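The following blocks contain the structures, represented as structure tokens.
Two complexes come next, and they have one chain in common, subunit A, joined by subunit B in the first and subunit C in the second.
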Partner chain A sequence: MSTTRRFDPILLLAAPAVAYLTVVYGLPLLFLLGRSLLGTGGFSAFAGFFADPFSWIVLGNTVRSAALVTLVCLVIGYPTALVLARAGGFVQAAILVAIILPLSVGVVVKAFAWQIVLRRDGVVSQIFTGLGIWDEPQRLLFTETGLVIGAANIFVPFMILPIYSVLKLVDPRLGEAAATLGASPVYRFFKVAIPLSLPGIITGIAFVFSMAASMYVIPSLVIGDRFQTLATLTGRSFLFMRNEQLGSTTAVVLLALTIGIVVASSRLSRRLGGAA
Partner chain B sequence: MNPAFLDITGASRSFGAATVLDGVDLAVGKGEFISLLGPSGCGKTTLLRIVAGLMTPDTGRVVLDTHEITRKPPHRRDIGVVFQNYALFPHLSVAENVAFGLKARGAARETIALTVARYLGLVQMTAFADRSIKALSGGQQQRVAVARALAVGPKLMLLDEPFSALDRKLREAMQIDLKRILREVGTTAIFVTHDQDEALTMSDRIAVMYRGRIEQLDTPTQIYHRPATPFALDFVGLSSRLAGTVVASHERMLTIETAAGRLCAPGQFIPGSPVVIGIRPERVTVGAGGENSIEATLIDIVFQGARVQLHFEAPAGGRLLVEAHEAPSGAAPGASLPLSWRQADTLVYPAPAEGGAA
Partner chain C sequence: MTAIEKIAGWLAGLLATFTVVFLLTPLVVTVAVSFGSSAVFTLPPSSWSLRWYEALARSRDLWPPVFASVKLAAFSTAVALVLGTLCAIGLLRGQFRGREAVVTFLVSPLMLPGLVIGIAMLESFRAAGLRDVWVSLVLAHVVITLPYVVRTVFASLSLFDFTLIDAARTLGLTYPKAVFKVLVPSLAPAFLTSGMFAFLASMDNYPISIFFTDAWTKTLPIQMLQYVEESPDPTIAAISTLLILLSIGVLVLGDRLVGLRRMADL
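Take a look at the complex of A and B:
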């Protein structure tokens, strides 16, 4: 590492973004933090929050559902990214359109669509009962399974795209070289493809986890009030309970959670990138 | 002759309408070092990929060590490949790259450590064992790629222009190193190159490839002195050509009428056949009295260090190249000089068909 620190004029290019984010994001965030601390006496709001067993349920709901959504996205998204990176021409264009086009449909619309799909008389239930996998029609709507399925659908592009962009740059000869050295397809997958795409996987996980941990519209529409996450609780505190201190406390906890994930993953991917 | 160690028969492959390999036959003996020499795009890499199992031929068979492997997947073939761009694993260190194949085959930990140490020593990279691949020069990467391929003890090594990215000096050093290493290990090898000097200095035999076919498979000496086709004559070494017509054929000795005069050459053609005569420049001497002799006009003298190249114009437009140790005294461009050479050094080929390229 170089010990001389000189100002790099290139950094000035980030100035507009920094200014914009400071005004519209940084300052409100500071107010929020201040609100959670000021109220009835410093850190007591946080102490109170963590002393309440209900908070732990909410925290658990948030982390568990976000982790499940991330896992589903990874399992579905990785193979898709692999195909996308290896495909060419029409297949590649078709997959990319299928991934990117749905992003133009609002999340509220998608959540409503999932309400219909997951109903007791919805498509999923009809297929499973029709196939004899389920004995009788079941309702996935208003269940955590339904939430995970719906949210994974909405967030999966954010898993596929970063993995794809890394895989695309991996020399296909590396896989061939591994094959000529006697590595089976499975060994090649775990020892060559996965390690080389790890930076993409980590970025995808960070994207999806932080979005899934803070989703508000989807749980509100797909599962309702009985399942509270940090995001829905924040919304309720401000909108219905008029409890600004609780709202800002949960918002700060959520923020800390997602910042933790993003920082940890960028550290990890930088370390792996350095080793690679 | 005992059956070849690697036996390729009738291998063909097309991409769409383009036939890239057109019925290649190639038999390689155990321990042999064969070069595939040919211009860019003639199908050398395609042939290697078929042998390695990274591509299947449309027709034809590949037999290695008496087993047919035409459709066997690459990881069960025991064939090492050094890729043109080396294809080293960027996420692994030098030693881990060399260990990769052994680990994939589930070798014991001590075996891996010993083998890696041995092959890193062989390619003189021991000091770099823990380096990242990115921190290596081209020549060092090339050594690691060779060590990685050899470490699993392959039956056959395929090397696809491994030296093309190196400067000339390093390339020559690596050529000697590679020959030494392969001799020590005793591996059969096919080496792809489009550098004729590389092929001539390194190979036991050379396969000259052109447009998806093997034009000639022979020792370097034979390839150079007895090229089987006009293409082989052109592609390997320098040569001059004269067009002529066979006027008499007697006991395998031809008399050929050219614009520069009558020449004699060993060969078998029916009188009346149009032919092309080829001569290597170092076989021609300035002066009268050889078995074949013509008058030509000196047009240029090119000094090349150890040798000089003399460019002559033969009557009726043919160009003749002569390589000598020094320019004939007093010769200046414009002078008309006698040139002569032996009949045995006169190569005769059928003239190319109208409109066809040689």
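Take a look at the complex of A and C:
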């Protein structure tokens, strides 16, 4: 690679967007980080935050609920992406409609719909007691299980689509070739199918985990104030409690967590050579 | 096919069916509630009525946010399509070190917490003396819509064979005409898909908008959350049902134009 390469003028086409995002989005985030780390009481604010046991509960809530949401999305999203990539006609259209159509209903309305479904007299409770799985009606609303169900419902398209976009480019003959060479189905799944779709899986996990760690509207409606995450605490500090000191500390911790995920996932998928 | 493969295929089909039902559940609930006659949300409704649609037609709080959100989403999506397409072409054609890092930066607003982005923007806009609600909202929403366009158009362009433009020029087209006749049609699905995702993301944004709206200018999600928290009644289910109908229209149109398959290239 030569160091004295001539500047390619076509790069100028990228300049407006890059400049725009740098000024309106990148620099403000840097200022927020800088001010909260270097500003008055910056460092002691973080020391105070991490010394408080409540902070660790909040941190635990954030990471655990996001991890559970990601796990649920992966378990139901991967098979769905697989069926979507292999199927044609009606099945494919049904899955695509089910992915795209819910995007037209806002997060507020979906969370509101889950409030109705997860109540003690809601549909889930009726089905489970009807099937005899539960002895008596239970409410899932205002529980962490309810939160995970509602959040997984909203984020699962962001797991399915990246995996689908990789799987549809995979040559199905690769699996047949492995079978011809004597590989067992289980071996083929773990040594052929999974590695080939890994870039999509990584992108999907990074998308869903970072979105779930940052969600604000869903927890406020589905689980309420008892369950605080970094995002709900940040939102409440700024919007209701007017405690901007606490808010900017939790904002920076949340920002660090999600930036870590973005950087790690993009490095990982680059190492795998995937364009997803 | 061995037995284990059959079971695996059957299991995948079962999980996919579950996912489809799961994804459509909140939509079915919303539509059912909107046609119920009761203000407490019983499922299935004890009797059916159109009273929430009448309430919606009379509502004075819901329509201004609807129009504000549509206007904001349309404008910020249009800006993002122009800036994002130029950017994707520039980045793809100009080889340089660190390109991946730039693309990651451009797509990162999708993955970083909206509340934190909103707080950071609010502080910087204030420091810069910007207090106009509408200008702030547009500036913020272009940040939300741009990543969708960059990501999808970039992916679509990397599959495009640029020698086709040279071929068209050899065949006698001028450069702008060659771009218009060859490049633009092959990018059309990417424009439609990314435009749709960007528009919906802007329409649905709560965590960034909340810092820039005031009592006079509210976007739809902000008005809706206030509604749900203060006086929940099925009027918002009625407006959501209308939005679902509108999206079905867009999906049918998109299917005719580019095919449903290509609309999922997020």
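Just so it is clear, the second predicted complex is superposed on the first by the 252 of 276 C-alpha atoms of A that agree within 3 Å, B and C clash if a C-alpha of one lies under 4 Å from a C-alpha of the other, contacts with A are read in each partner's own complex, and residues count from 1 in each chain.
What we mean here is this: contacts are C-beta pairs under 8 Å (C-beta built on N, C-alpha and C of every residue); 3 or more make two chains touch, one makes a residue touch a chain.
If you're wondering where the values come from, they're calculated on a predicted model, not measured in any experiment.
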Between subunit B and subunit C, whom does A:116 touch in the aligned arrangement: first, second, both, or neither?
second
Check: Is A:71 in contact with subunit B, with subunit C, with both, or with neither (first, second, both, neither)?
Finding: neither
_So in the superposed three-chain picture, is A:248 touching just subunit B, just subunit C, both, or none of them (first/second/both/neither)?_
second
Across subunit A, the partner (subunit B or subunit C) reaching more residues is C
*Scan A:63 for contacts with subunit B and subunit C and give back first, second, both or neither.*
neither
Exercise for the section: Please work out whether A:238 is in contact with subunit B alone, subunit C alone, both, or neither, and reply first, second, both or neither. Expected result: second
Taking the superposition as given, does A:25 touch the first partner, subunit B, the second, subunit C, both, or neither? second
After superposition on chain A, the subunit A residues reached by both subunit B and subunit C are 185, 275
Residue positions on subunit A within touch of subunit B in the complex are 171, 173-174, 176-185, 187, 191-192, 195-196, 272, 275-276
Within their complex, subunit B touches subunit A through residues 52-54, 73-81, 83, 85, 87-91, 100-101, 103-105, 132, 148-149, 152
Listed in rising order, the residues of subunit A that touch subunit C in the complex are 1, 8, 10-18, 20-21, 24-29, 31-32, 35, 75-77, 79-80, 82-84, 91-110, 112-114, 116-117, 122-123, 153, 156-158, 160-162, 164-165, 185-186, 189, 206-207, 210-211, 213-214, 216-217, 220-221, 231, 234-235, 238-239, 247-248, 251-252, 254-255, 258-259, 261-263, 266, 270, 275
Residue set of subunit C touching subunit A in the complex reads 2, 4-5, 8, 11-13, 15-16, 18-20, 22-27, 29-30, 33, 41, 43, 83-84, 86-91, 93-97, 100, 102, 104-106, 108-117, 119-121, 123-125, 127, 139-140, 142-143, 146, 150, 155, 158, 196-197, 200, 203-204, 206-207, 210-211, 220-221, 224-225, 228, 232, 236-237, 240, 243-244, 246-248, 250-251, 260-261, 263-266
